[in-house]
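Order of writing sets the labels: A, B and C. Residues in every chain begin at 1.
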């Protein structure tokens, strides 16, 4: 059976001279603690510290990168235990795992493969590749290990050297798990982030239910424009009290607008009535980005804008399985026209910080780098989602650095709910950044001491600064030293 | 005079370690037979096995890659013998060849140059580069060789180790040459493919004439919606009987729609009347993609969609010379919105297979890889036309693999009428794929045994599977062994 | 303090074999004279030959690449001495320089950094990097040197081995400085170029004032369509008399149209009245590109089209500081549809020459290379503005060469007002071109003697041919020999 080994020089350029430079840069940052300012881990894990069930429930059924690839090759989601509308699938976990194990060739050349190899080799200690032949061995051993204290969420958090992790909660969601974490004796830093999409997007299937919860949690009359805005301001304070330093906005487009208060109120009345059009919905989301910027000027939360996905593109799958099932497809995104109203209002505010992400790489050099290389309020988030990959990260650096520089970027986001893969993902990012820096050094475009500073900044300092994170805890600083 | 030599390591990365890996991978696939599932060779060649006339008529006058470059530098098409509206040009073939020979510098850095070098060195055995000085030598020797039995179409087909080649015929065209091939004693596999554009696109200049032929060939009343659809179903069976396993659709956009039967019939009535608008024409093409998918579910033909070219962009040239004269220019293409109606109808059908091509590389990572990495019915065709080139193929792999993997792709298409260049084109594709795989191995992203399997799959197995080709003939399997 | 050194092999590929090829190619062109056919140096410099003031006034305050990056990080433009609406800033030059000096890390990985290093090391002879510690040393020494005869404009022009430089003047501007240069005993070739945007774009803030000057300078009734066109024809002759061989057009889009004379006149009447819409303005600019092409057919001026920037995107900055303050942001550009009306009119004219530029790299392979690889009148300008950078230039070659070849390109443009950086910019272009050619040679895609010819052509011959420049002066030819 083929051995599972991780090449210590993986992702470094093949040219021996450049590889040596990359290796040296990487050695300087490989052990830095992980700062994860944007992601989707479940705070319940850290609140309860319960053991996970099995390999399928932990690694396969929740990972849309994995089951979308299997689905594309004709595997049914029900065979993999993927939940439908939140109801856990009833597939036999071992049978699902065997399907996955026998389809590993599909992941050749994908980042999932790099992440999985790292998880299997480093986290679980496997020495043979996953395949049909080793499927049961993997399933059993992972199950056994997950039942041990060393594989509980908090233990792994510490083992992974995570200094801080942010989860994402909706404006309509309670923050009980965060309270439990903060009230516990555990010192791991888990903070939340404010994601109000479900109360901002009238086309979201949970809009009405979310608005009801939003009213409940704030005591505001969220069916009036003023009350609705006050509710946002209040909830943002709730989030800040649980460590949040950022908001997040996942609209389909980057459109913004800046209506008068009267027009905003009139638009809002249509939205909370039932008499709105798709154009009204788009306009309301556009106005809300500007409102969120206005609130950020008050309370200091960093805005993250993640536009460009056509959500739930597969109607049949959406109907039968619900959201977030690997069927979101990116489209063209216009930042130059879309963001102008917001930037006309607040673009020159030095106290505002907006981090832009994209799924449309054609905007890197054309729009995003020129915008971030000019406006004081703008920074560029890292390569995201489909582009959170070695080639994607390299294109990000190649296409943004010359115009925006490195210091208008914000370090790495893992953006994942796949907790066990977090060290793998950060490791890939560090290696790719070091590979890029090494090429610049080898080509006489950057001095070696500058590259060393940059490797530290891209790994650790920029993310803390961009997300306005509190001073690192002593533990973290010790790790970094 | 400069010698003509082919670097045995051409197209492999320069780094010696990576080059050695690429070389080894290539050695494993270099001799595999050629499977050419999509192209534009003339079936008459293989039916009659007549000798070709001369270098200009065979290599220059029909090759739009060549004469478009010369035209861009001020050479008149009539000087090159390019046909006008199907009428062969009356330029002196030798004089045309001399112009071409003295303009070789224009092709530096282009794929035409790599293909020509291969044809001249490997097929004809030249040892000096083509230039003004060697023009006559080339013209004479090529003419002499073409008159020999070894350079007849069937002999070259065998020499080139072609296992199967598909030509492309219109829905309105007879398939007599295919019948002649099948009724002959020659065992070469030449199949057809169903390209109904001329009876699907009301804006095609041959639409009305093609509809008349379509009616004749099917005996259906093609002026009624039902009869028109029955005619398609019938003709598809005619093509299947001549070995066709695929259809092909070259629309300007990727737009689809899924009208009700009544609305489709009403639209069709406008189309076959004269009372249609450009919007109707676009809508009709959009509806016909969905109809073709529906028919494919019945008869199993694989759909190929080749969108994105603005045909006949040069009005003057179109008027004076006709279609396909190097004046088609790509534009932006929207797959995410365009394909949604068809995918809403049939996207989750495991029995449907649609191969998507593009001329808009910005869609590779943004749209096509996410679509093919999710929908069971979708696969990605190889880099096409302007992108069928070393840089273009490499970008295709770099921008699609991380999201769609390798197994949602379908191997190589040469898509050419330049028969003598077919081995050159497949060789370029094999070399570039091996170069890409070698980099992944060198960077620790792929194991060497996986790369070897992939090289075989990308060269041979994926194309046979994706195009649902019958089992290879013993000859082919022997070649592959 | 870190030393300032220039790696003699900078920008060459790291692989030793490829680097050696690149080095040899570069050695063959490094000393060729500079031909600068498009730029924004001030002709007053060469007319008066006055000394420049100080480092800030010469290098920082006029360079939007530099102050836009500082602005993006919160530095105020007034602190840098950037002029507001043409009024020089009153910041202390030394204090401004110190801010710039202490922010050098922002430029890591940017082309500005490469250009500045070259200027500091080669032009001024510094041996330590610019930093907070060396800020005053730099400021003082640059000031001292600028006061010496060797650093006067004409002396540097000669030292830089500039064979010809083109400035850019508006249709409404006097050409007195050019007259003074031509009437002087100095033999440096400084020519103008015709940039009529201010009298072609009704949305330009100086449109009305420019039209008044346009009338004054031509004696034509520019408020009538016929008089307006005659005024253009006259002024073009004025420019030709000052050495102009080209026009330049910086529209937001690439849209063209070809209205009838009557419709053009009616549109013009709306434009010079006050009763026009944004659509009228766009249509008028579109029509004027076609009119300029028509005039070029008469007088032989080469057209340059530089579309795609959303000018003055930052409304607040535009209001307070005026145009050209680093706040122009590129957007998507459609060439295929946009240029069709002009190409339908004149696309096949062998005597017309139009050089296309872009800020939208997604058009390189998709639109621009196919257009230039077909139409006799079209050529591709080099990587421009945000893409005038090592990565940008390399992408230009990688994405255009395979379809348009090298001979539909026109050499390098520095496009700069930063006179001291001109040798640095041309050096970067030569190095990147040699790096690209070296890779093609190393990969067996180009013969070494072809690469040597190409290096000469890309550096020197193509620019002279494309811009229809007069025969080089003996001095230049001697330099080239």
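The definition used in the following text is that a residue touches a chain if its C-beta (ideal position, glycine included) is under 8 Å from a C-beta of that chain, and two chains touch if they have at least 3 such contacts.
For each chain, UniProt lists the protein as follows: A, B, C = Uronate isomerase.
The structure displayed is predicted, hence computed values, not measured ones.
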Interface residue overlap between copies subunit B (Uronate isomerase) and subunit C (Uronate isomerase), same or different (over half shared): different
Cα superposition angle of subunit A (Uronate isomerase) on its copy subunit C (Uronate isomerase), in degrees to the nearest 5: 120
Rounded Å distance, subunit B (Uronate isomerase) centre to subunit C (Uronate isomerase) centre (Cα mean): 40
Multi-partner residues of subunit B (Uronate isomerase) (at least 2 other chains): 13, 15, 332, 362
Subunit A (Uronate isomerase) residues within the subunit B (Uronate isomerase) interface of the complex: 2, 6-7, 9-16, 68-69, 71-74, 105-111, 113-114, 129, 310, 313-317, 326-332, 359-362, 386-387, 389-392
Residues on subunit B (Uronate isomerase) engaged by subunit A (Uronate isomerase) in the complex (per definition of touch): 13, 15, 17-18, 332, 334, 336-337, 340, 343-344, 347-348, 350, 362, 365-367, 369-376, 378, 398-399, 401-408, 439-440, 442-447, 449-450, 453-454
